[in-house]
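First subunit A sits with subunit B, and in the next complex the same chain sits with subunit C.
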Partner chain A sequence: MRRSFYRLDRSGLSLILDQLKHRGYTVLGPKACGNALQWRPLDCLEDLPGGLSTLLAPAQYRLQTGSETCLFGNPGGLDSIKAILHPPRQTITTIRKAGDQLEISQETPPAAKLAFVGIQSCDLAAVAALDRVLLQNGEADEVYSANRANAFFLSVHCTQSGPTCFCASMGTGPRAKAGFDIALTERLEGEQPEYLAEAGSSLGAKVLEEAHALPAPPEWMRQSTEATQKAAEAQTRKVNRQAARAVIDSTFEHPRWEQTAKRCLSCGNCTSACPTCFCVNYEEQSSLDLASAQRVRLWDSCFTLSFSYIHGGSIRLTPKSRFRQWVSHKLARWQDQFGVTGCVGCGRCIVWCPAAIDITEEFAVLEQAAGSAVTAGGSPHGH
Partner chain B sequence: MSSKSPHPRIAVFKFASCDGCQLSLLDLEEELLDVVGAVDLVYFPEASRRMAKGPYDIALVEGSITTHHDAEQIQHVRRQSKTLISIGACATAGGIQSLRNWQDVSEYVRTVYAKPDFISTLKMSTPVAEHVPVDLELRGCPIQKHQLLEVLSATLAGRKPNIPTGSVCLECKRQGTACVLVTAGMPCLGPVTQAGCGAICPAFDRPCYGCFGPMESANAPALAQRFRVLGLSQPEIERSFRTYNAWAWQFRRVSEGSAGAPAAGHEGRQP
Partner chain C sequence: MSLLAAPPATVKRPIMQPAVGRVLQVVKETHDTFTLNIEPPPGDPVARFRPGQFSMLYVHGVGELPISISGDPECHDYLTYTIRSVGQVTYQLVTRQPGECIGLRGPFGTAWPLTEARGKSLLIVAGGIGLAPLRPAIYHVLRHRGDYNRLVVLYGGRSPRDLLYRKEFAAWGMLPDTQTLATVDYGGVSWRGHVGVVTAMFRHVRMQPDETVAMLCGPEIMMRYAGRELESRGIPASRIFLSMERNMKCAVGFCGHCQMGPYFVCKDGPVFPFTQIKPYLDLYEL
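And then the complex of A and B:
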């Protein structure tokens, strides 16, 4: 569709939120909860982390008071919207004894109307990746489908990159290319930020029209592109995604895996924080009186022994085999399975790893070991 | 099964411990009537004077083995029980009292007791599994009462109990608790500690202190290295690993780092 561009001030943006609520959406956004930003329902713009900034480094996340009044300047927080679309704990089936009969009920949630405010390009790419796995890969996952069905994405182009961001090299940001209903560029020229709003769907355009948003000055679009380009150039971490599969394939026995596995805690923080890791385990539960039973689905992690348990035992016994499995799947095998990489460059695995393991650093070592033969085909930055 | 009751016969035994874990059974307030309706608590001195003889379908064993009498008694319990489940950090790792394993216990006895001659004790406090085969271990100081309920429910249904052996971190992330190590630099033992508690401490902004003992593939030296980066001194690191599950070999790997060799002649279990 033809994209149209609007300008919004803070009250205009507030109106958009009201419009969405009026249309029956539950409006969610990154909200400061304790020590981190997390996706939570928003009552108003004041719930967004205006005046807060995040300090990110491997194994370090600090939410602190910042001087700027930007609402969206911060990189992704503790969770991604995976936690909402593909919940960490979900009852799938409940079975009850009723006399001689068994009552079986599927606990599929009703189709939700969720609006995600402030979602960044990396996380939009993660949703697209999850769509491939949970919607388009054979039979659609009912829970994900229901939560995803009417999702409205009010995304934000990143005009600042965090130190752990590497979306530019993964081709997923910092500018959202698709998948949004409205994409904002936050502009801080005066005392209060203003917004360039780009309609990405007819619904997005309609919501903007209803909020009586005015057309944006033509130079705002150019400035927005320049700002996201600058944010891309500021990124210091990268993964050569074109070479990723070849690098992983040729370094399967490289000693680096073992060296890093010595630091790896096998705790599963990376897979939990990853916006695309979708693996789950099913637990069968029963009541003490055997009158009811439930099947519950829980986030699982390929770092546990039970994950690879098959007849006779776990097939990935060593931390090395589990760490290698995860990195290989993210960067290479996912491409074989789903046609995209499983990594969107959000940097959460780097930030939330208690052992400060950095997937970009690991990849760089392997890439160097793989040598130029492997990397000849790809551009160094992978834009 | 008893000839009189169709329900499994359950016995609760206590060795060196504080009783907190077996009290978890009585602490199942809302579910307690369901429990006594579904199982036959035939031997539970904490709750009833009725102390029926074995054999038992399930023995819940609390406490560590610290005396010669304990060491004999646990053999008897094992012989009498189809399934033996050790419950709590004392029974599964030796408990806080295993701190004696690094000291001279006879010196303690001389210092504490007026008539040390009456005291007969072992040099070490050791977990049940060092003495007899154990079918299942329930971790924690104390155990999580819903894990106990889960084991009973699973036994009655003839299914495998859901007792996860991965890290506490998985529970934190599932419930959306921001990592206290990453956001506040706290020395949290969550990454090396077995899940099952519901990650209570980090949910209240406190670091996990490892009361559920080492998780399935605990890499304690790597976490200790992280603690060093966070600014903990070597004695502080060693102390953090030397609490309720001090004698678990995965934690001893760290706490014995500079504190010298363990008490002679005892290596503990390794996989």
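And then the complex of A and C:
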């Protein structure tokens, strides 16, 4: 569709939130909660973390005082929406024993109507990646479908980059290209912020029309593009995603895996923080009298020993092989499996790794090691 | 032919929700391996499988596991599974009594290429419990004997007491155009058959490599060496197929556990052409 552009002030934005609530959406947005920015229901714009900014570094996350006017200026500092669309804990079926029969009931959650206010471009890309796994992969995951089906995305282009961001190199940001209903650019010239709003869907356009948003001055669009371009150029971390598959394929036996795995605690923080890590386990939870049992789905991590267990032992015995599996899956195998990269460059794994393992740093070492083999176009496994 | 076509989806049940099956019979095959016949709900698509596919079997209060179907694909009255008791769920499965209920999901995964193998000879190489996922293919060939040339079944086990389906195996060997050979790692005093690895049996096989399709299932190390050996004997990798095993929780590509390089063993496999899986078999801890 042809995109239309509008200008909004703070009260205009507030009206949009009301519009969404009026349409039956549960409006969610970033909220300072437990010393981190997390997705929580939003009552009004005052709930947004105005006056707060995140300080990000490998193995470091701090909330600190920031610009009062800026409502959305925390690139890379916000929790991903994975935990909402693909919950960490979900009962799937309940199975009761009745005499010698089994009664099975499905615990499908009702279709939700969720609006995400302030989602960043990397996370929109992550949702598109999860869609490929959980919706477009033969079967559709019922829980994810129910949460995802009616989702409304009011995204915000990042006009600044966080120190751990590398979305520009992954092709997923800092400007949201698709997947949003409305995309905002926050403009901080005056005392109060103003917003350039682009409609990305007909519903988004309708919501903007209903909020009586006025057309934006033509130069705002150019300024917005320049601002996101500047944010992209400011990123110091990067992954050469075009070379990623060939690099991973030719470095399976590289000693770097082992060296870094000595620091890796196999804690799985990276897989929890990652907006695209989808692996789950199904656990059996019985009632004390054994009459009833639930199949409970829980997030799982490829960093656990039990993840690859088959009779006789685990396939991936060493932390080295588990670390390698994760990095290889994110940067290379995902492309084989789903046609997109599994890493969106959000940098959360770098921030939340207690050992400060940096996927971009690891990749750079491997890329250099792969060197001539890769530039010659050689993939040993012939993909 | 209806058998080799995808099973019709007459009942649409949520993918993670099992059908309730009833145990009809539990037969002891060896000291640790049992064959269960399970009756699915009447007319349920869970019973319509292609040889090589697997089901997810669920024991109430214990858990769920992928188990290959080991019975006749044209029998829709009950499903047959041969299970070695190696852990909590398998132990609970083999100790069920007739009449008890078990959850069934499936069938899942790819099948042995029996349509493509028509008009050719079949070389089946099984190791240990690996004979179970191959037995439906053997049943299919025996039912449609005119569609195939020679049938050779090579079977390796740890010891004579670990060999499955021994009477049946001996009977197959008596059929025309059929050759069966068993070998064990440890023979004992009463064993008069072959001793050694299954790859050592290839020299006893009478067949033409240029018109043979090979199907392998057993320990990964056995399949790796058998695949290479068959290639060196003139069977191209594109006509060698093997069935892989990995940890599986969902069987539909959601749980991520069964990944092997670019593949999800549950839906891209378990049956893979050797050409496809060969590069990954050699990667330790992949």
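Things worth noting here:
Rule of thumb we're sticking to: the second predicted complex is superposed on the first by the 361 of 383 C-alpha atoms of A that agree within 3 Å, B and C clash if a C-alpha of one lies under 4 Å from a C-alpha of the other, contacts with A are read in each partner's own complex, and residues count from 1 in each chain.
Keep this in mind: contacts are C-beta pairs under 8 Å (C-beta built on N, C-alpha and C of every residue); 3 or more make two chains touch, one makes a residue touch a chain.
Since the model is a prediction, treat every value here as computed from it, not as a measurement.
By the document's definition of touching, of the two partners only subunit C reaches A:Tyr309; subunit B does not. In the superposed model, A:Cys279 lies in contact with subunit C only, and not with subunit B. When the shared chain is aligned, subunit B and subunit C each come close enough to touch A:Leu290.
When the two structures are aligned on the shared chain, A:Ser266 is found in touch with subunit B, with no touch to subunit C. Of the two partner chains, subunit B is the only one touched by A:Arg89; subunit C is not.
Look at A:Leu134: by the touch rule set out above, it reaches subunit C but stays clear of subunit B.
In the superposition on chain A, A:Gln192 contacts neither subunit B nor subunit C. Looking at subunit A, you'll find residues 284, 286, 290, 293 touch subunit B in one structure and subunit C in the other.
The part of subunit A that touches subunit C in the complex is made up of residues 92-93, 95, 97, 100-102, 104, 106, 108, 133-134, 137-139, 141-142, 252, 278-282, 284, 286, 290, 293, 295, 300, 302, 307-312, 315-318, 320-321, 324-325, 329, 333, 336-337, 380-383. Those residues of subunit A whose C-beta lies close enough to touch subunit B in the complex are 33-36, 38, 59-63, 78-79, 83, 88-89, 262-269, 272-273, 283-290, 293, 298-299, 301, 303-306, 319, 351-352, 354-356. If you check the complex, the residues on subunit B that touch subunit A are 31, 34-35, 37-38, 149-150, 152-154, 156-157, 159, 162, 164-167, 169-170, 173-176, 178-185, 188, 190-192, 205, 215-217, 219, 222-223, 225-226, 229.
Considering their complex, residues 14-18, 20, 58, 60-64, 84, 86-87, 90, 99-101, 103, 245-247, 249-250, 252-257, 259, 261-262, 264, 267, 279-280, 283, 285-286 of subunit C touch subunit A.
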